[in-house]
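Should a chain be cited, it is by its letter among A, B, C and D, assigned in written order, with residues numbered from 1 in that chain.
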């Protein structure tokens, strides 16, 4: 990984190890980070044999539209730290492979630039924008309107990170964002200084309702872990993402594979339920879909692929995942994503050790 | 291990590490591969004392005939990659030690050649042929008829692998079958190219019924994991093998030790139930038999023995296993295989860690 | 770590490795030591979103007085072995950061000297004195009166260590307290020699009642693990500390995270319940408070911080913990310590492996 | 460890590594071996505080006589391989420290020589003789009579090892007993050659009854794991030892800590119940006694101590264990062994990982 942002030269270039620590690390003791991946692995499969479908279709419907794959790139900050291809490279690779994209508020590339690169692609997946609620309500809305004008199709409001602090690995590495690092999509300067300043601006359900009523775009909430919050979100919004922020904010949150079923049960189909966290290969995605997710967001594997191979690396990863997903669906007798149901799964099949 | 096939010289010889990766690796994250072995180890034994039998008899009856041991070599592809003795060496060693053999469709030796080496051996075990359903029904049947003419006594149809893809370990190693590698038993060229081509040819229950009605040989299904499939197979076929393909096809399938009891319960004695996957020593076999299996297939330990010591290595392994099985039966108070019952076993005796 | 006590020069200076072994080791196989830390990590968090408090207040009330933080430095012996700043450095750093202090009977600094350094600090936490019941009842009382005169606000009687012996790690390291090592707070020479001499002096409930009735200071019992003892202590004393002595006395005692709920249930609010053992970061403390503890004692992390950075190192640790606690409370929707309740927690969220 | 037997010089001296493999290894995959030790560690302690006894007494009554400690050296073969002090050194050290001794049939020293060294010791523990049932009933009885004449006070008949084979570690090491290795206590040449020869001589319950009725000494059975066998043994014999042969014979037997309670329940106090396997420190013994064992046998720790330090090493180990046992009893409020009861224990206190 090299730290060459597209439009600026930092005074002191970041060490590759610090960048890795930033991207690969998690909060606290990284218990949630480890558990996220282990929990998908721990779910067993119980397919039938001699029931292979003649064709396999990986399409899903989200927000009223049909997309080629059930996955989107999760919002990830500062991708120019990982590779010069940065967000545009990620977006192009996703679009070429039928994967969606949720662009981060903290992207190092302007949202318009990313959209221009992707929207013409006929096979692309959804193009959504992730919103960090910095500043005032009106700041958020202005940014949403800007994303709308640029062609984004939905807004994903992150609700699980009103406060953040660096993880141990990141702190030990000495990671710090270079001065003047480009963040062209911030709705406002992020609050800094005292915790109280951050808390004073933290959004609540009223803010969400206000934004939903003023937004020209569908609104999803990202960071739901509790079924009671899911129930409320399903009444108020257009979708939700079960997420513990990839284990990057509050260590101790359970793995999303364990949280998903209760959320699906609470939502009762009122809106799409997405999930992220710990998905490391296509069979993990298959399990998430079988548990009731309508689609998934994928983060860390894409950063690793981008850092190592730029946009072509990301495209190759999606191609491999697509092959694996179709193969696994065939082996599970599922011609379509809808045919993936909890009956396919079994729990307690493995000892935890075998899943680490 | 050296890559010298019996009748050809590959352009670029395969590295020993790649061959090991091919033989030792598994699908995905190898969770199923690890779990297979750990699950047998995790089963405890509760024998009685002062009840030692005067003699110990390891014979079993399969398909109406009595055999010296309860084990057969599992079908394994491309054994010439492991050692020049290849399939003939394996077959001879098995026959000399009273073990059976299930020759793979993907053997690097013609099935007739293997049969000629083995059939005269008076102490040998069963000689069966494993069938991959490549091509059309008629192709399968022609191959079964060919096996029948050569003296094979049953056909084992693999039903759990209509689709396969290389595991991570194998892919990382750069393994690829040398050009013109001998596969003299293929019923037809394996489908390659698009997934759809593979799916179009995947067998279903009608195909199985058709083959059963036309085959001159008894038909067993290999790759059963679900009790409902076992129930159907027991009505339609002459036997079945509980198998997750040694963890080589779909990672996430539970360990076969966990699957076996429900299959035995579903079959209710209508046909023999065999099992493979993770059996690493004779006491694992003893546990499988006590859980209700009529016999077992053994794979990876034999490849390792063949690679290291050729046919004599395989013979030595079987001798050791036979000694250990007889000794363990004696310690368990079992004069015969039938005396091995679930009452001998206890579950939950060990922490998972002690079994890895 | 260097072994330069404040007022004496040991004949043979202790090796740094032996000092580490003394401070970092535990009793027996260190099962309790490891379990203490793992058990806090294993507790999951289930906060709600969009409910961030506007302010976060970490104050707690203990023995009728309000303090800035919910934590005190646990009593630790011989801190001059860790760093020349020793107990005065620890005390100053705690006082500056609003943390309390429980000074050990085995401190290498006179209790009056420590009190003089701390009491003027306006933001300080509680100043308590830990009592080892060496000698006769009257010896104990004299020491309590001395602590009272010096300004200490409570006495913490250790009841779980009438007998101690060196752990394996400590023994292997060759650790031995230097000759003439200063222990200016001993109520009497500690009994040595035969076990019987120790047992003859071991306190019982009558001793506790006697001390409670004569002491000018509130009395807490430290080392309660059994709910029946907690019930009795709650009637007799002013508070108790759930503790297994940090895994340093009797290996095999369960982790305090597992013991705390039954003690809280038994006490029913009659007196404050504190807990120590295995708390390695502020989110561990948050979990302890949510389980019903009124405050916590922290030991090993402070020794490590003192050894590495002296008083400033301890101050930096408390500052980091305070930031993390406030941030985590905000993420958990808790404006005050009282708002931390068991509803915030979930058990069984993680595999044990992820918590080691 | 050096392989100098007392009275002979082997042609090719055994490598130290092979001797270690022999003494330290176990059967099969050593699952039982590992589980034995882990299971004691996994048991938690729940003592009360402020209830310290004034004195601690470690005496136990076995077969009608009072002994200073609850432990005996387990029967161990070929100790001259470990250290020239061999069985006499072990016996002296045990006697000096109040520990008992069960001399092995396979000792490298004549039983009379061992007895002469030990019997005069006033503080010694029990002196028992372990019997392997080689040869005919009459051979056994002659050996028992010989042991009786030499002063042994009981016979411990091993019933769990009619068949044995070398473990993997031992086999890999190339261990083989030197030619003409002294085994002066064999009742007859051990059967070798075919398994059938071994089985033909294996004892049954009738043999036990016969030996019991003819033996001048009390008879205990060693190797009981099943409560039904324990029930029968309690009617027929003078005691039993719950043992899986230290994990050296049949891998897969559950750890003895897990087996003991059901045996104690089945025996209902009709005879003493001893236990061995995995006891690695005095608190493990305390747990065994609290579970209902009347005494324990200790093996591997003694071999290690003998190999490293000869008789003085063994004596030092027992001294350490005695100190630890007395200290732990005091901390558990137990003045006598009888005061150790299941109420002191708690199960499930630890994650398995913490106990390995």
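As a working rule, a residue touches a chain if its C-beta (ideal position, glycine included) is under 8 Å from a C-beta of that chain, and two chains touch if they have at least 3 such contacts.
Bear in mind the structure is a predicted one, so any value in this text is a computation, not a measurement.
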item: Distance-maximising chain from chain D - centres being C-alpha averages; value: A
item: Fraction-based call for chain B against chain A, same above half, different below; value: different
item: Length of the line joining the C-alpha centres of chain B and chain C, rounded to whole Å; value: 59
item: Whole-Å separation of chain centres (CA-atom averages), chain C against chain D; value: 42
item: Of all residues in chain C, the ones touching two or more other chains; value: 352-353, 355
item: Category of the chain touch graph - line, ring, star, complete, other; value: ring
item: Chain D-facing residues of chain C, complex; value: 28-29, 31, 34-35, 38, 42, 159-160, 162-165, 195-196, 198-200, 202-205, 207-208, 221, 223-226, 228-229, 249-255, 258, 352-353, 355-356
item: Interface residues, chain B side, partner chain D - complex; value: 41, 43-56, 280-281, 283, 287, 323-324, 326-328, 330-332, 346, 349-355
